[in-house]
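Below you'll find a set of structures to go through.
Consider the two complexes below, in which chain A is the common component and chain B and chain C are the respective partners.
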Partner chain A sequence: MTIREPVHQGRLKTPFYPRIEKLDTVNQWHEWKGYSSPDLLYCEETEYFAIRNSTAVFDLSPMTKYRITGPDALDYLNRLVTRDMAKVKPGRVAYAVWCDDQGQVIDDGTIFHLREGEYRLCCQERHFAWLRAASIGFDVTITHETEDVAALAVQGPTSFSVLSNMGLEGLDQLKPFGLAHFDFQGAELMVSRTGYTADLGYELWIEPSKALELWDALFEAGKLHGIRAIGTHALDLARIEAGYLAPYTEFLPVDETIRTGRSRSPLELGLDWLVDFKKPNFNGRRALAEEKRNGSTWRLVKLDIDGNKAAHNSYIFAKEKGNKKQIGFVTSAVWSPICKQNIALGTVRTPHGKPGDTVWVEIYYQREMHWNRAMAKATVVDKPFWFPPRRGAMPPGPY
Partner chain B sequence: MKTYDAIVVGAGHNGLTTAAYLAKAGLDVVCVEKNDYIGGATVSRNLYKDWLYSNCSYVCSLLRPEIYRSLELHKHGLQITPFGGSVTFMENGDFYGSYHDPEVAYREMAHFSRHDADAYKSYSADTMRQCRFIRDFLLSTPPDPTSFKPKDLKELARIGGKFMGMGEDRMYETIRFWTMSVAEYLDEYFETDVIKAAFSGSGIIGTALGIHSPGTAYVLLHHYMGDVDGNVGSWGFARGGTGAVADALAGAFQAAGGELRTEAGVDKIVVKNGKVAGVALDNGDEIIANVVVSAMDFKRTFLTCMDKSDLPEKFYRRVENFKIRGSSGKVNIALDGLPTFPALPEGSSLYHSDMHFIDSMERMERAYDDWKDGTWSKDPYIDMTIPTMSDPTMAPPGKHYMSCFVQYCPHKIEGRDWTSEEKEAFGKCVIDQVANYSPDFKDLILHVEIRTPQDIESEIGITEGNIFHGELTMDQLLFNRPIPGYAQYRGPIGGLYMCGSSNHPGGGIMAAPGANAAREILSDLKRPNTVPENFGDD
Partner chain C sequence: MTDTYDAIVVGAGHNGLVCSALLAKAGKRVLVLEANSQVGGAAITREFTDGYSVSACAHLLYQLQSEVRKDLKLSTRLASEDMTTIALSEDGNHLRISADSVEGVSDEDAEQYRRFRKRMTRFSDLLRKFFNKRPPRLGTKNIQDFITLGQLGLDMRMLGKEEMQEFLRLIGMNIHDEVTERFESPKLRGAISLDAVLGTHLGPRSPNTIMTYLYRQAGDHGRTGVPAGGMGSVSNELAHAARNAGVTIRTDMPVKRIIIENGRATGVETVSGERFESLMIISNADPKTTVMNLIGAKHVETGFARRISHLRAKGNAAKLHLALDGLPAIDGLSKKDYAERIVIAPDEHYVERAFNPAKYGESSPNPVLEITFPSFRDETLAPAGKHVMSAIVQYAPYDLKGGWNEEAKANFMQAIMSTLAGYMPDIEQRITASELLTPADIESEFHISGGHWHHAELTLDQFLFVRPVNGAAQYSLPIDGVYLCGAGTHPGGGVSGAAGRNAARTILRREKAA
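After this line comes the complex of A and B, so read on.
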C-alpha cells in the first residue's frame, strides 16, 4: 500500500511570488483562491497612482482559467453565455456573463478567443462542475488550466511604452479587447489589451516556468517608465472608479446563495448590453426575456455622492411622499483620487435608481472616537466615473 | 461693438476659476491674458527640447477639491499625483527623512531623538487643530467685522462659534499661534535642530520673513492646510506640470462657453461715470463690460492698470503700502539622468520627495539675513523636487527635470536692478548647494533657467514676483486681506472686482479667491450661485 502525500497545507505561492516578496515592505497579505496575494506592497496611495500615472503590475495568476476546445466550442460557449460569441473573432477578447436557467448570474469573466475554435475562459470562481454539465451534447474539451498559466496585469498610461520597450513588435496595432501572441525566450507570450482599471493597460499570459524571466524583462523594460508592482487594495480602488463589478461584492454566484433573492440577473447588474436576445438559445434566456418584459427587481447604480465621506456599507434612501424610504444599499464606496468625487456602487429596488435620479445615502463615519451620521444627497450616473481617452487610443500614446 | 457680461483680467488659476464659474452661471465672459500662454504662475513651459518646466509654481496641495470636483477638472485632463515625504541633507553626511508610513517616520525621528518622535503626535494634533479652524473658512467670503448686514453677522458668529468651541486653553493657544514665529512654535515641541530646520521651511516659503519673525507660524499653517485626497498636509504634482491645472480650468471655462484671449494685456481698466466700463488693451483695442474682475495682484491692479484719479485717496495709499515683497527665486534644470545623493540608500523613496539642504535653525535665519542686506542667500533654503520621478510626461524616459525653489532671493539687489552676472551667480549658488550633496549632479545638467523675482514680475506680472500676491501676515489676512474694508472681492468702484491671491484666503494654487469672488459677483448680479460649498471637516 502506498501512502499518499497530503494535499498542500497552507497558502500557495504564485509563480511570481519570489519577485513580489522581494519588493514587499509591509507584510500584508490575504488569501486568494488558496494563493498568497498582497493587499499592498509599500503604500496603497503610491500603488494606486502607478495605475493612473505610470505602470502598475498586478499578479493575477490565481484567477481561475479554463481552456475550451473542440469542434463545438463556439456553439457551447454561445449556449453558456448571454452574449453572441460568434461575433468574437480569433484574436479578440469578450467580457461575458453566464447564468443558470432562472437567468441568475453564476459569474462574469473574460473569454479569450486564442485561435480559431480555441478559447480561454477566465473568471473569479471555480465552475468546472457547471461548465462540464453545460457541455453535455457538445463535442468540446474543457480543461482546468489555472496552474498552467501565469498572468500579470500591466496597467497604466506608460504600459504601452514599457511593453514596446520589452520588444513586443506590432503591439501598437492591438486594439482594446484584442489579443496577440509573441515569442518570449522560446515560450509563447499572450498579450491582451484588457484590464480591470479602465486605463490604458494589458494582461500578459505565459507558462509558469517562464514567469520569473518575464517579470525581470518587464521590470527592466519599465524601469524608466515608473513601473511598480501593486497589491489588491489599489486595484480595487481603480475598478470602482471604472464602475466594474466585483464578485461577492456586487453580486453572489447564484449557486452559492442560500437565501431567496440574494442572486442577481445580468439585467439587474447593468449588463443588459451583454444579453443578446437575438440568439435563439442560451442558458437563462427564457427567464431573462420574461424579466425584460415584466421588469427587474433590482438595479445596480453608480452614485456620485455629495461631500467627501466615503459611503461604506450605507443604506440608500429615496424620497417618497415626503418620507425617506430605504431602497437599497451601497456595495462599494470610495473617495476617487482621480475624479475628486465621492463615488459608490450600490444595488437598489426598481423603479428607483434611474440615471439622473436623486437618492440619499446614510453615511456613518468616525472622527476621534465619536461616530457621526450624515444623510448625503447622491445622483445616479450612467457612465463610468473614470474612462479616459487614452484607454482606447489607437495607437496608444507613450504616456 | 460686442458687450460682454464680464471681463476677467489675467488667465492665472484664479482668473480662470472666476471666469469658469461666471460662465457656468450663463454669463458671457471673456478672460484676457497678456502672455501668449495661459496660467500666469500656474504654468508649465517647454523651454528646452522635450523638457517641460513648471517654472513658477511647482507643487499642488491647496487646490480646493470642491472646485476640482464641481468643475470636473479630471475630464479636462487634470491629475494630481501625491509625492511622498521629504528629506533634509545634513552637513555631517547624515540626513533626516520624513516618510508616508507613520511608524517609519517615527523611527526616523527617534534616530535623532525619542523625545521628538513622541512629541510629534501632539505637534501634529495642535497643528491640525489650527488647520481645521482655517480650512472651514477657505471657501467663504470673510465677514466685515464693522458691518451689521445679516450675512456678515452670521459669518462672524460662525467664526466666533468655532473659535469659542475650541475651549479656553486652546483659544489662547490659537491667538498665540497666529502671531508667533515658526521657530518659537517648533521650540515648544522639538529639541533636534535638523528636525526643527526641516519643519520650519514651510514657515518662510514665499515670505519675506525669517523663521524668528512673528507671524511665520501661520505661514507654516498655510502650507499644511491643503490636502491631497483627504490627506491633510500632503502635496502632489499635477501630471504634465503645474500648467495642467490652468489648462483644465481653461477647459472647464471654455466648455461653459467662455472666451479666452491671449496676447491681450490690459493697459487700463476703463472707468466711466464712477463705474467700470470695460478695459483698454495694450494693442489699443477696447472691450466693453459692466463687470471687470482683476486676477492681477492688488498693487498691479490699482497702481498700474487704473488711473489714480479714479480711486479714493486713502484707498490708493493703502494699495501703495500693501506688503508684497519679492523673496523667492526659482532655478529650473534639465538633467541628462538622475543625480545620485550618496547619503540616501539606493532606490530610496526619498528620491521622490522634496529635498532640502539646510540642517540648522541658525543657517535658516542666516539665509534671511542676506535678504535683509539686499542680496540673495549665499547658503539658501532650497525646496528641491524632481517631478519626473513620478511624472512620465515632463522629460524623455530616463531624463529628469529638477525644480529648485529658492528662499531668499530679493526683488532688487541693494535697491537696484539685477545684473546678468548677479543672476548667474545666484543660479550658481543654488547649483553648488545641491552639488554639495550630489557629486554627479553638475555633470548631468543640460540646461538651466534662472528666475529672480524680477524675472517673475516682468514675465508673469506679479508685483515683486511675490508668489502669494502679498505677504501672509496677520495684518493682511482674513478681513484684512488685501486691506480692511475690501476683503469681499469688491473694488472701490462699481462693477470692479478682485479675484487674485491678494484676496482671502491668499496664495498657492488654491483657486479659493477665484471661487469666492465669483460667488460675490453672481450674488450682485442676482444670478444663481454656481460655486460649491465647503465639504466640511467635521
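After this line comes the complex of A and C, so read on.
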C-alpha cells in the first residue's frame, strides 16, 4: 500500500514565513491571493512608527509578479498601460495603470525594467488572462513568477543605513524609482528604491531559496537601527498618508464590476499624469480621449477633515445643511499620527472636489454603545499628506 | 513617388467592387487593389481543367440586391432562373421543391409547406429590409440609428401579435425542430435542413438555423438562378460599372499592410513594396485578415483584438468541380431537370449525422451535396456535348484533424464519389477531370481566413448589431480611416452586394455629416 502525499489545501506560506511566525505575538492573519499575511505582529501603532521613525520590514512576496520578455516587450507594455514606457530605461521602475478598451481601470502596479527588453510587472491582483489577451499579435513571453521571487519592503528613514550595513555597495547612487542588482551569497539580489509608504525606502527581490538568509542578514544589519517586521494595518495607514490608491478600496478592478458606473478611469483617480495621449494607441485611449473632451463623472479627493474622528465610510456632502443628496463617499480614512491630521481619501462627483474646495463629511461614531453623528468640514487638498524630502534625497541620509 | 487617392479598397470581391463603384459615383477618386489576377474574389468563373470552366466558389445567385442592381444599373443575364430544387431519392421518387409548392409529398405536407413558406417569406421580408441598412447601435443617440431601431421594432409589431411572438420564438431555434414538427416527408425535412446549414459550421440541430434559413431566403424570396457565363460575369459586370464610374482597378496587387501612422490609416503597402496614399482604406478582406494581418493587433486595443481573434470563422463547406464527358444518369429525372438545383440530403438526421464528425475535426463519410450542371444551359462552360458539375459538399471542416493533405482530400473525395454513385451509378465513368476545394484551399485561393464563405459564422451572436464584433458593426474599425465592406460585416456572405453598398453609403453619409 502506498501512502499518497496529502494535497495542500490550506493557505500558502511565503518564503519568509518561518521568521515572521517567530516574531508574531497576536496570531492575526488574513488571506492575500492564497498566502497568509499578517494584519499585525505586535501592535499597529508601534509598527507604523517603525515606518516613519526607523525601518519597517514588510513581506510582499504574495504580490503578483509577471515577467515580460521578448522582442515586442516594449510595444506590448506600451499598448497595455497608459503611460509611455519608452521613457522607462533599463534600471528604472515605473508606476503604471492599465485599462480596458472603455478606459476603465483594471489595476495599477509597478513595472520594473530589469534589463534591456526584460520587464517585471508587479501588482496586487492576478491578471494573467488579460495579459495573455493583450499579447495577441505580439512576440512576447509572459511568465507568472509570483512563486519564484521572494520580496521584502524595507521602508523608513534608517532603511538606507540598514542596507548599507548589509554591505550593498553603491546603494547611495540609487535614485527613487531606480533599481540595481547586487550579489547576495552567490544569488542575485535586486534592490529597487520603491515603496508604498512615501518615505525613504527600498524593496528587495531574491530567489526564494535565499529568503531566510536575506532576512537574517537584514535584521542583523538593522539591529541598531530599530528594524521591525510589520503587518498590513500599519502599511495601510502609511499608504493613506501618502495618498496612494488601494484596489478594491479606491477603485474596483473593472472586470470585477457588474453595475455600470462602478468602475473608474485613470482620469477619475487623479492619474491624468500617467495617461500619455501622445502615444498613438493604448488600451482605453479612445475612450479616455472622449472622457477628457466631455469631462469625467468622478474625482478622487484627498480630504483634510476638521476634528479627530476618522471619517470611516462617510458620505460626502456639498453643504453642511440642506443637502438633497450626497456628492460622494470616503473610501479610506485615518487619523494620521505623523501629520496630526484627520485625513481621508474619497470619491466625489464632478464638478465637486476641486483642490481648495470645502466639502462636508458625515461622521458616525460610537460612545459607550450610543451612536452619534457629526458633520465635519473638510478641505480638498492637492498634495499627499506625507511626502518628506528624505524620500527623494540624493544621496539618502544616514539616520 | 506615391499615388494619392480619396479611397483605397483592398480586394476586388463583389462587395469591394460595389463599394468602390458607389464611392466613385459620388465623386471619389478610388483605387481597388486585388491580390488575384481576376476580379471578383470568391465570385469568379475560371477554368479548372482544359476547356472546362466553372464558378469557382459561389455558384448560385439568390441574393443580389435589387438596390445594388438599380444603383449600378446592372442587367445580369441568367442562364437558369427560378430554379426548382430536386431532392434526390435513391428509389427515383424525387421531390420537386419550389418557392411556394412542393411535389412528391402527401397532400398534408404540401399544405404545410405552403403555410411554412408563407410565414418564412413574411419573416425573411422583415430581415431583408435590414439587409440594406447600416445596423443600428443600441443605446445610441444617433438619429439614423434611432430610426432604424424604431423601424425594426415597428415592423416586428406590424406582423401582428401572434406572428411577432412566432418570429421571436423561431429566430433562435433550430431548423430540425421546426421541420420535424411540420412535415412527415423525410426528404422534405432533409432538403429544408440543407438550405438552413449550407455554408455554415452548423447542423440542423444547431441553434439559430432557422435564422440562417431565413437569411438565405431573404435575398430574393428564395429565388435562385445561375448567371450566364458563371458567377464571374456578375463580378465582371460590377467591375465594368466601377471602371465606368472612374475606379482604377489593379489586379495581381496583394496588399501587405495598411499603413497606420499616429493612430490613423494613411495608405497601403503592397507585397511588391509599392505604396499608395489615402486617408480612407476600405477592406473587402475578412475581419480577421484585416485586423490581424493587414493592420496588426498593436494598432487596436486589447478587447477588440481579442474579439476579432475569437471570431468564429472556420469554413465547413467544400467545393467540387467535375468535368464530365456526358450527363450522369439519374433515375427518375427528365432531361430538363439537369438545369435545376439538385440536393442530396435524404432526411434531417442524415444532415445532422453528416455534421457530427465535423465537430471533432473529421470530414463527413456521407456528405450532403448541393449540385448544379451549369453547362446544361450555358455552352460557354464546357466543350460541345461535355458538361461540368459544380457542387457544394458538406461537411469538410477547415481545421481537419491532421490537416488537409493529399491523403485527407483523397479520402473525402472517395466519400463524395460513393455518395454520388448511390444516385448517379455511372458518375465515375463520366469524369474526365476533377477539382476539390476544401476550406483550406478556399482560404489560400480567395484569401479568406478560415475559408468560410460568410467570412464570419452566421449566428445570432455575430449578426446585425454585433457583426462581425461589437465595436466594428457599422463598417468602421476603431482606427480612424479604416473601414470594412466584406461578407464579415452586416448582413453577411452570399453574392448580394449589400455589405459593399451599405459600407459606401455609411462612409458617404458620415463624410457629409462631418
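In this section, the second predicted complex is superposed on the first by the 386 of 399 C-alpha atoms of A that agree within 3 Å, B and C clash if a C-alpha of one lies under 4 Å from a C-alpha of the other, contacts with A are read in each partner's own complex, and residues count from 1 in each chain.
Everything below uses one rule, namely that a contact is a pair of C-beta atoms (placed from the backbone, for glycine too) under 8 Å apart; a residue touches a chain by one contact, two chains touch by 3 or more.
Model, not experiment: these values are computed from the prediction.
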Inset, instruction - Label the relationship between chain B and chain C on chain A in the superposed model as either fit or clash. - result: fit
Inset, instruction - State whether A:130 touches chain B only (first), chain C only (second), both chains, or neither. - result: second
Inset, instruction - Take the Cα centre of chain A as the vertex and report the angle out to the centres of chain B and chain C, nearest 10 degrees. - result: 160
Legend entry - First, second, both or neither for A:89, with chain B first and chain C second: neither
Legend entry - First (chain B), second (chain C), both or neither touched by A:293: neither
Inset, instruction - Return first, second, both or neither, reflecting whether A:22 touches chain B, chain C, both chains, or no partner chain. - result: neither
Inset, instruction - Return the chain, chain B or chain C, that is in touch with more residues of chain A. - result: B
Inset, instruction - Report for A:373: first if it touches chain B alone, second if chain C alone, otherwise both or neither. - result: neither
Legend entry - Smallest separation of CA atoms, chain C relative to chain B, angstrom: 44
Inset, instruction - Report the residues of chain A in contact with chain C in the complex, numbered from low to high. - result: 72, 75-76, 79-80, 100-102, 130, 133-134, 136-138, 280-286
Inset, instruction - Quick one: which bits of chain C touch chain A in the complex? Just the residue numbers, please. - result: 260-263, 292, 296-306, 309, 471, 478
Legend entry - Residues of chain A that touch chain B when the two form their complex: 26, 42-43, 45-46, 49, 52-54, 157-158, 161, 224-226, 307-308, 335, 337-341, 367, 372, 386, 398-399
Legend entry - Of all residues in chain B, those that touch chain A in their complex: 65, 68-69, 73-74, 79-82, 84, 100-101, 228-231, 239, 349, 390-393, 397-398, 535-536, 538
